[in-house]
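Look at the two complexes coming up: chain A is in both, with chain B in one and chain C in the other.
And then the complex of A and B:
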């Protein structure tokens, strides 16, 4: 079995969750209403927990290192997260649209992993599928509500979609060793997930009367999977690892 | 002491290990325990968290270790059972009643995939009315949602259904 390819797949999934988890946690105390403050804080907690579960699979099954050190002491060039998750939280409309596009991508990815030939991923997918449903329910409800409100609310959601869509397409950046994973029945590959994702988000966007950008007319934000990142990642990593780096050997 | 007696003692001890976030429910009420065995004079307990990122898991494991060690005098090994996953049908009817009395609506029973409509009209644990709506699928802890009762005017929490 292609261990490096499985490690790369798990690392990019975990890095996406870790980085977006930290971004979403930046809403704690700042949410536009209390329920949304709690929602983004809860989703952040979920995502950082999911990242930990994935880093543990790397450690226990694929010769990986301690999850804390792997998460907080790696240089930016070794992170495999996509550009979407690196972006600052911006305004609530941006963060909500990012959450909608990202969590639908997570949902199709974990749905496909229910059939994975790699048992640890298959077991984790069973565990996380029900939890992710709350993320997409939350995102769908707010997208619909804010779009149906019309006026500035609708215009801001359309603008947020136009901004986020090319970034979100970068989630599905093709990987070099993907074919080996597909042949081994580990997962169905990025192109298949991308098509299922487009289908699922389209169903919600139509109900919200939002215009989905033409996928053929945009340039997906690729590069994150091979360690090329936006300038936003490095300062975030410095902040995330600041305490651990004070004394990496400390016992908490 | 026979192995059967020891295992019965362990279950009695586990009845006293409460969830730190819902202190009226034990780990057994919550259906978090998936196996109890004695192997080579060590008590092995397998457990599962309700939600994967639950921050109370290591605290609960520590409490299980202490309670079982005190009841049996044996070394205790508590591990996460990766082959099982928690779902709301693991809550016993007695546990659902305890939740209601504590002011938290128990999760609705559902088959198959969760849909948004299943979270509507959750019976209010205070007045029993179903004239309620979901305010947020996220609450004070990962396992709770927030609802509002239009009849008694109370905001209340629900233990979220999980398939």
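And then the complex of A and C:
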């Protein structure tokens, strides 16, 4: 089995979840209403939890290092997250649309991992199934609610979709060693996940009367998987690791 | 004079002078939904609190994170508070005589004799041990 390829797959999944979980937690206390503030913060916590579970798989099964040090002390160039998750939270329409596109991508990825030949990933996928179901239910309900409200609300959601869509396509950037993972039955590969994701989001976008940008006419935001990032990642990593770097050897 | 509230919902009401009548358009304010929590299948749903939401679907979604993320939970109900019909507080006097009508308690039925007999037997057994 190609250990490096599995490690790369798990690292990019975990980095996406860690960075987006941290970004979404920036809304805590600032959400539009109390109930939504609590729900959005809770899902951000879920995502950081998913990242930790994946970093633990790296440590326990693939010779990885301590999850805290791996998450907080790595330089930006060694992060494999996509550009979508790095972007600042912006306005709530942007953050909701990113949540919708990302969590649907996550849902198809973990759904495929239910059949993974790599047992730790298969077990994790079973464990997260219910959580991901809630995340997409929450995202779908908001997209429909805000689009059906019409007027400025609808226009902002369409603009957010146009902004987020090419970034979200970057989630499915093809990986160099993907074929080995597909041959070993670890996962079905980025292209297959991308097609299932397009299908799932299309069903919701139609109900919301939103126009999905033509996938053939946009340029997906690739580069994150090979360590090329937007200028937004570095300051975020500095903030996330600030306390740990004060004394990396301290015991907590 | 405008209302100086920091709450965007208050500002959306576009309140005028303090003595102007307040007119609220349909859909301008969210509803309150009562939330009922079920701990295991077959158990009663118990009232646990309420959430603000624009519609029942989002009320259920909010309720899940407010009331269903700690403790055991298998299901939730939400009901629009305005759909619940209740007696007025001053109608409490309708129930005032209940405590005097002891003849309505089940204590007068013959089965009580049997129950007391079993209780007495149990007490005797415990006494001997």
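Assume the second predicted complex is superposed on the first by the 252 of 252 C-alpha atoms of A that agree within 3 Å, B and C clash if a C-alpha of one lies under 4 Å from a C-alpha of the other, contacts with A are read in each partner's own complex, and residues count from 1 in each chain.
Note that contacts are C-beta pairs under 8 Å (C-beta built on N, C-alpha and C of every residue); 3 or more make two chains touch, one makes a residue touch a chain.
Just so we're clear, the structure is a prediction, and the values are computed from it rather than from any experiment.
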Worksheet item: Once chain A from each complex is brought into register, does chain C clash with chain B or fit beside it?
Response: clash
Practice prompt. Once the structures are superposed on A, label A:131 by its partner contacts, choosing first (chain B), second (chain C), both or neither.
Written response: first
Discussion item. Going by the contact rule set out at the top, does A:199 touch chain B (first), chain C (second), both, or neither?
Written reply: neither
Discussion item. Contacts for A:145 in the overlay, against chain B (first) and chain C (second): which applies, first, second, both or neither?
Written reply: second
Practice prompt. Quick one: classify A:49 as touching chain B (first), chain C (second), both or neither.
Written response: first
Worksheet item: Which partner does A:207 reach: the first (chain B), the second (chain C), both, or neither?
Response: neither
Practice prompt. Please indicate which partner A:69 is in contact with in the superposed arrangement: first for chain B, second for chain C, both, or neither.
Written response: neither
Worksheet item: Once the shared chain is lined up, is A:245 touching chain B (first), chain C (second), both, or neither of them?
Response: neither
Discussion item. Looking only at chain A, is it chain B or chain C that touches more of its residues?
Written reply: B
Discussion item. Pick the chain C stretch that clashes with chain B in the superposition, from 2-10, 38-46 or 110-118.
Written reply: 38-46
Fill in: Contacts on chain A seen with chain B and repeated with chain C across the two complexes
35-36, 38-39, 42, 134, 137-138, 141
Worksheet item: For chain C, which residues count as touching chain A in their complex?
Response: 8-9, 30, 51-55, 57-58, 61-62, 64-66, 69
Practice prompt. Could you please specify the touching residues of chain B with respect to chain A in the complex?
Written response: 51-55, 82-83, 85-87, 113-114, 116, 119, 135-140, 142, 146, 160, 162-163
Worksheet, complete the sentence: Listed in rising order, chain A residues that touch chain B in their complex are 35-36, 38-39, 41-43, 45-50, 52-53, 120, 123-124, 126-131, 133-134, 137-138, 140-141
Discussion item. Can you tell me which positions in chain A touch chain C when the two form their complex?
Written reply: 32-36, 38-39, 42, 134, 137-138, 141-142, 145
